[in-house]
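Look for chain A in each of the two complexes below; its partner is chain B in the first and chain C in the second.
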Partner chain A sequence: MKTYLMFTAKAFSNQMAYRSEVWFRLLGNFVTILIQVAIWKAVIGEVDVGQVSIETMTTYSILNTLLTALLLNGISGKVDSSLKSGSISSELVKPISYPLYLLFEGLGGSVYQLVFTAVPSFLIAWLYFGIMPPASPVFLAAYVTALLMALAISFLLGYLVSLIAFWFMNHFALSWMLGGLLTIFSGSFLPLWLFPPTWEGVAKLLPFQFLGYVPASLYLGVIPAESILGVFIAGIIWIAILLLIVQWLWKKAISRLVIQGG
Partner chain B sequence: MTLPLFFKLVRLLMKERMEYRADFLLSIFAQIIAYGGDYIVIWMFIQRFDTIAGWNWPEIAFLYSIGLFTYALGASFSFVQMRDLEEQVKNGTFDSLLIKPVNPYLFLISRGFNLGYIAHILISASVMIWAIIQLDLKWTLINVLYLILSVISGALINAGIMTLIGSVSFVWVRSGFLFNLFFRLKEFISFPLPVFGALIQILLTIVMPLAFVNYYPAAFLLSKDILGLPTWSMWFVPVVGPFCYWVAYRAWMGGVNKYQSAGG
Partner chain C sequence: MSIISVSGVTKIYRQYRRFPGIIGSVRSLFTRQYSEEIAVKDITFSIEKGEAVGYLGPNGAGKSTMIKMMTGILLPSAGEVRVLNEIPHKARKNNSQHLGVVFGQRSQLWWDLPVTDSFELHKYIYKISDESYRKNLGFCTELLSLSDFINKPVRQLSLGQRMRVEIAMALLHEPEILFLDEPTIGLDVMAKDQIRQFLRAVNQEKKTTILLTTHDMKDIEEICPRMIIVNKGSLVYDGSVAALRSKLGDERRVVIEFAQDPGSIEISGLTLIKEEGSRKTFLFTRNGTTVFDYVSRIAEKYPIEDVSIEDVDIESIIRRLYKQLAAEDEESQGRQPILVGGAN
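Showing the complex of A and B:
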């Protein structure tokens, strides 16, 4: 465990080298929130859609913009470059678990983003746009739990893509596809309750909602208290399914690993 | 870098891509899904709210498609080239470009000419044509000419901004974070400009003229009222792009002259 935490610390301190770019990241987050809030302001008031107030949607936009910074997005790129350079062979002979190494290294990046991007962005957004408090302490606890689930699912999806890339050798294409699915079904901009009914039905059957809609809706208390347990069970089932798939693919991938670099 | 030489290069790049045909097709398919996702989210949004700032779905689809189409055109000869400049400056491999007896800028953008944007072009052109049919626009010769010139100008604005960001590598070495910021800012023009406050509208018109990429041309073609501007002001649109690109090119060449290799 201690070894893995060292990877987390290492990844964190690597990121520290680019501290000066923090300002640009904060500006980037601010811009994204500003755009989303402006769009919500442009339409709310003209149409009464229920469950949508400008305060709700501002908070929803802020939470999701910050969540995006925390998710473990770099996994498939990392595996891809060690596949192409061949350095994966030396990673594999080390007496550590490669997936756990990836997870803990990714978490180092997330912790860095939390401290240097998410928290300052949250404060700026709070001062400039205003953020609603969590619906209740119970919902706050549910939100934090959902954040951890989001981290787990984002890691597993990224890892899944990198394992599929053992066969296709094109992780960019697979990442693009995953990105497209996330754009639609995570609900990180347009919440699921505003989807057309069929699309909402499909989105609720998929794991992508846990990377946008679920955490923010729990924070806001849009998901009723009695449904929280059901949502969490669904999340745990998804994590279990994804874990089984990646375990199985990992065994297959290792046995057909072709080193490209020399 | 003459034109026939450029076309020869494109033919070779095409051949190179087709060596890995399945891979290339997979990439095209993936990017169509990715951008399809953007279209679907905006479509779902408008399903719920009917219009955004008075623009309905075909109008927004038209606006968004001009943005994507011009970005793809501009990026094909600037994004990857300028993004990788950082790495080349860091490793010192950029130096080898300077000893070639050609204009380093033209060589860099032509050598890296990126056919990977074909998917962007396919999806944005298809949606644009669909939107044009839905909108029942009057296609006079002037309008057609105006759309073509606007698209060229929009591509040059995108390419100009990316070239300018690339030239930052000569001074600071790192420039990747500016590309990230650019992609965030580009989101502004996925929606009609009046959605945003006066300050943003001014910034997107004068400081970073992204509004000229798609909003102004689309608004003129769709006969939307822009702050009561007279019709002749629509002809600013085709001029802004070449001007931006020229400024960026000068800055880039200026950067090269100041450049001192970081690699050893």
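Showing the complex of A and C:
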């Protein structure tokens, strides 16, 4: 365990090498939030969007923009490049579990983003746009729990895509598809409660909602208190399902590994 | 009990066929035609504890593939590999604790962090005790003179410095076996020399078993008493460097410095291969007569200033072996290994 935490620490300090990037990320987040708030102002100003206030939508947009920065979405790109360059062989000759290594290294990036991007962006957004407080301490606790689930699910989805890439030797199309599914079904831009009922039903059967809609809705208290447990159970079931698939695929992938070059 | 034993190992890669051009690339989407490429073909050998073995062969001979099978990254298509008495692919994590691996063309270091950070992480990954970490780091730092750049980020190191760091790192956990895949590729003479001396010291003092692949014959001559030569996936020679020399290196090079240019000289048994004015180089093939007979015969006719007799270097011997193999390959398709000598 200590070994893996060291990976987290090293990944964190590795990112420190590119500190100037922080300014661009802050700016990027600010612009993203600004545009979303402008859109919601325009929309809510003209039509009735089911009694949702502009404050709610602003908070929803801010929470989701910041969450996106924390998720472990870079995993498939990392596995893909180490498959292509063949450097995966250096990682496989070490007495460590490759998936855990990926997870903890990814977490290092997330912690870095949390400290240098998410928290400052949150403060800026708070001052500039205003953020609603969490619905209640219970909802705040539920929100934090949901964030951890979002980390786990985003890791597993990214890792799943990279394992499939062992067969196709390229993850681009798959990652693109995953990105598309996430944009729509996570509800990170358009909350699921604005979906037509059929599509809302579909979105709630998929794991993507845990990467946007669920955490933000818990923070805002949109999900009723009595449903929280049900949502968490669904999340845990998804984590379990993804874990099983990933475990099985990893065993298959590793025995058919082809290393390019060298 | 051998520390590494490889018996009848074959590795076949399946390569899906691609068609050229735009229409071809669309066609490639719908075809599952593939060709099988044999990277390693029925190879058998074993290595004892404490040996240093050079694994040699032209590009694409399957050297790296063999290392990857021994480290458990790749699964052989047929045959059995045993390393430390385990099947590497199954015992990958356990075995890796006792293996050191250096891939000359890839880095295991953290690109943006100082060298010491990579070392420290290595200490955690391999659960090295403080004491042996300090001891091994000291050993490597001294013999590879790492202290000048140990606090620099890896991306600022020269290739020679980086390679020394890679090798040091692979040894921090005192592996029983050290695999090196082209450790001296692209390095200058000084860096090569230092690495060779270091590897020899590691093999002799620490009794670490070493298996290295290389294209540089000097690596083998200086580090490895034994070599294994592969060509097109098959094993063609397994034995000592000296034995190969006496088998194929029955030629000597005679350089004669004449007092004045004698013009062209015709002597049967000696072939003129180089002419630089009064300095001429001949190739002599052993055939009963000694090289001194020839030289004294020449000296009777022409005044000689100086004579030197050299063995043909091992590189030329290997070149001859490859050529011979290529020629045989063209003649017959029944590629039997021509020269499997007993070890040592």
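Miscellaneous remarks
One rule holds for everything that comes next: the second predicted complex is superposed on the first by the 261 of 262 C-alpha atoms of A that agree within 3 Å, B and C clash if a C-alpha of one lies under 4 Å from a C-alpha of the other, contacts with A are read in each partner's own complex, and residues count from 1 in each chain.
The working rule: a contact is a pair of C-beta atoms (placed from the backbone, for glycine too) under 8 Å apart; a residue touches a chain by one contact, two chains touch by 3 or more.
Everything numeric in this text was worked out from a predicted model, so none of it was measured.
Legend: residue contacts after superposition of the two complexes on their common chain; A:Lys94 is shown touching chain C, with no touch to chain B. When the two structures are aligned on the shared chain, A:Leu205 is found in touch with neither chain B nor chain C. By the touch criterion stated above, A:Met1 is placed in contact with neither chain B nor chain C. When the two complexes are superposed, the chain touching more residues of chain A, out of chain B and chain C, is B.
When both complexes are overlaid on chain A, the residue A:Met177 reaches chain B alone and has no touch with chain C. Shared-chain residue A:Leu127: touches no atom of chain B or chain C. With both structures placed on the common chain, the touch criterion links A:Ala38 to chain B but leaves chain C unconnected. Put simply, chain A uses residues 18 to touch chain B in one complex and chain C in the other. Within the complex formed with chain A, the residues of chain C that make contact are 13, 64, 68, 71-75, 89, 92-94, 96-97, 99, 101, 103, 105-108, 110-113, 117, 120-121, 124-127, 153, 181. Remark: chain A residues 2-3, 6-7, 10, 13-14, 17-18, 85-87, 89-90, 92-97, 255-259, 261-262 touch chain C in the complex. Residues of chain A that touch chain B in their complex: 18, 21, 24-25, 27-28, 31-32, 34-35, 38-39, 42-43, 46-47, 49, 168-170, 172-177, 179-184, 189-190, 194-196, 199.
Those residues of chain B whose C-beta lies close enough to touch chain A in the complex are 23, 26-27, 29-31, 33-38, 40-41, 44-45, 47-50, 52-53, 174, 177-178, 180-181, 184-185, 187-188, 191, 195-197, 200.
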